[in-house]
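Look for chain A in each of the two complexes below; its partner is chain B in the first and chain C in the second.
The block that comes next holds the complex of A and B.
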């Protein structure tokens, strides 16, 4: 379905390929305290990563003439990090490459067809268990917003846990 | 493989950074399909929001997006603007069912669930009917009747408030175990260390938990719950239109054709704490407003307090 995307959005489903969750290679992630207006390949390994130094209280790097201070942030226990991307529409409803060998195994499929022709597909391209959090001039520290956000899953668990029956 | 790496102008496809429960990876070992993102109603705002279904585990997940201004990702050898972090956490489907039960209650009669959970706007809501133990869940918020073999349900506000109170209580317990500072909206522990942090009162915890739960129910029900919990009216929240506050974390998902925006308005943090002066922080601390929505949990909306006397 090429046209009418705007309305499809309410109705279609984005299928996350389960196979990609188990095959995703690990990735190096940096969360930077600045805006970069584009999404594209960048020579991170050539200019950024080699410039990272271990300072007296954390990591240091110079980026765009500013001094960044960084620290490693672990993904909370029980969670896994993934980088995901949408597949091109043309791929559509077909077996995902790499999933073909698992066809031999007995894979559970939901009893009815959940994938429709106009649905889209998404896959994990990489996984991570930690990332480097950077602050401008200062180490982000325990008050960093993203650290507060990382406690959300344990709170959400309490909000959404079933309550005892009377 | 016909996978295109660019989007015409040399830009790579947008990459999304997610945190998922680890067991979804284990579950994926047995799955060929059955993991899907769909748009369903946000039971608080009535707008659309993105959810994840695992049809094999028969589980629903909500997706919250953490966004802090002026951030971006380096992902291996690429750059991704926005710096968004998506949280996928299990969601109690009863909040969504409740939305439809309350809507259907306008008819004032007992109805079978498949007549209640219908939505022209979000037809994927029928997936909710595939979740397990719905009957057990529905006992918390409905009166039930069985005629022949068929079950009929009717929304019960009384039971719902009881159920929500239990939700509030278990959230309060989690707030305490996680040491979340519920009295102050600004988590500036370093600055206020020692004397300023007063021990948070029980009422503050209840109010905070009420705010979190309110992000999953209608404004009207939230107000009723506030009375039911006997929370004193908060003078600070009176002059403001309260609905606006709840709305903050529940703006519609502006999903355009690529459907990749998710609800980025969620959990958006507007300003950095570090930009505040000590006086502003002190002011912010005094300003206790009524509801703590999920937004406020993820970061204080300092912008609202600055300039307030």
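The block that comes next holds the complex of A and C.
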């Protein structure tokens, strides 16, 4: 991604804080086959991680009394995964490690542009090179949606590349 | 009773057994099947078989075994110790089904209910005795569900054995009483020494009897709800008591196999004529839909 990448959708202008990409700490991620109706930290290390077992054919665990089967998924070579988070307006950039004032000159955005009320900032809170993909009772396997989604970056690169004129 | 194997990993099931007495391989034996911990919302369910030669049944009765529910904990422990002393003619085996196994079975995509789980476990233990070379001639089982259909199923599976399934078999047949003692001793010990898989701080183990109607058990469940993960695996998530506490006090979870309601179902046929142009949401290309990809304008 390029610095100052932005997109104007429904009166939102999204800015990426490039500095956060460099300093994002590596994390362990689990992608579950369910949605939890809340978005906040949870004691994964106390409740989930210790319950993971290496079964005869893959990883096993349970969540809320349901059996999950998992496998490691690698981020395609040459790419790095990021956990992105929106900055709360009031909290500002302190949300992100490395997003200190001294690095602000990295942002190639004129200062006056930052004052519009449809500007939103997001930054990376963590990075990853692999994650554990969990399926409900069965291993997600090669046909998993997420695996297919990971083919997008290479396709995107191909279709956005310059094509020689002749 | 050495439950070390269970304490090392209590997320699945675990079988324990006494050595098979040599005489049980030679002489025709009677075998009793019973269970402990079927009702509680906490801890494992334990299935047990106990067997001895028909010719030694009087010796087993002489131990004064009785329905485990009529005995105190110390009486059960004493009787189990006596059965161990009589290991030259009494044998037993257990199958400990962890609460996690019970939850995940009952909450599976294909529901595996507690009765079926119980029947299959009982049959599995009888089969285990046969595989060990026990000369099983008669089987007595304390019923789960309707005794007639249960008996028919077991009789079909073990045609060479005389199967009797009865309510209160644990009070009627000493060999079933003996099995009920084995099961109850194991269940009590497993609960008492439960190794929580989770790393819990200052866990209080004052959970009462574990039965859903015990106020102490209910209070413990309420106190130990974790909003995202629910409960420790020690709790049977499939129990109504556990589910209703989660509904009230934990975050909602939507699974991918949720039975689809008709929120997207067809409305009235006339709705096709009413639809205003411009109401249709602009859908991304199929490539993105199939991969669950959306552009992120907010997180």
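We adopt the following convention: the second predicted complex is superposed on the first by the 125 of 166 C-alpha atoms of A that agree within 3 Å, B and C clash if a C-alpha of one lies under 4 Å from a C-alpha of the other, contacts with A are read in each partner's own complex, and residues count from 1 in each chain.
As a convention for this text, contacts are C-beta pairs under 8 Å (C-beta built on N, C-alpha and C of every residue); 3 or more make two chains touch, one makes a residue touch a chain.
Only a predicted model underlies this, so the values are computations on that prediction, with no experimental measurement involved.
Visitor: Could you look at A:78 and tell me whether it touches chain B, chain C, both or neither (first, second, both, neither)?
Guide: first
Visitor: Looking only at chain A, is it chain B or chain C that touches more of its residues?
Guide: Higher number of touched chain A residues: B.
Visitor: Answer with first, second, both or neither: which of chain B and chain C does A:50 touch in the superposed model?
Guide: second
Visitor: So, does A:142 touch the first partner chain B, the second partner chain C, both, or neither?
Guide: The first partner, chain B, only.
Visitor: Quick one: classify A:62 as touching chain B (first), chain C (second), both or neither.
Guide: second
Visitor: Which of the two partners, first being chain B and second being chain C, lies in contact with A:37: first, second, both, or neither?
Guide: Once the two structures are laid over each other on A, A:37 reaches both partners.
Visitor: Where on chain A do chain B and chain C both make contact?
Guide: 9-10, 12, 14, 33-38, 42-43, 45, 48, 84-86, 120, 122, 145-146, 148-149, 151-152
Visitor: Please output the residues of chain C touching chain A within their complex, sorted ascending.
Guide: So the residues of chain C in touch with chain A come to 9, 11, 100, 103-104, 106-109, 197-200, 226-230, 232-233, 236-238, 242, 246, 251-257, 288, 290-293, 295-299.
Visitor: Using the touch rule from the top, collect the residues of chain A that touch chain C in their complex.
Guide: Going through chain A, the ones touching chain C are 7, 9-10, 12, 14, 33-38, 42-43, 45-48, 50-51, 53, 62-67, 84-86, 120, 122, 136-137, 145-146, 148-149, 151-152.
Visitor: Looking at the complex, which residues from chain B come into contact with chain A?
Guide: Where chain B meets chain A, its residues are 1-4, 10-22, 24-25, 27-39, 48, 52, 55-56, 62, 64, 66, 68, 70-81, 83, 85, 87, 89-92, 121-124, 136-137, 139-140, 162-163, 166-167, 170-171, 173-175, 178, 180, 187-190, 212-213, 216, 255-260, 267, 269, 272-274, 294, 297-299.
Visitor: Which stretch or stretches of chain A touch chain B in the complex?
Guide: Within the complex, chain A contacts chain B at residues 5-6, 9-19, 21-22, 27-45, 48, 75-76, 78-88, 90-91, 97, 99, 102-103, 107-110, 114-115, 119-120, 122, 124-126, 138, 141-143, 145-146, 148-149, 151-166.
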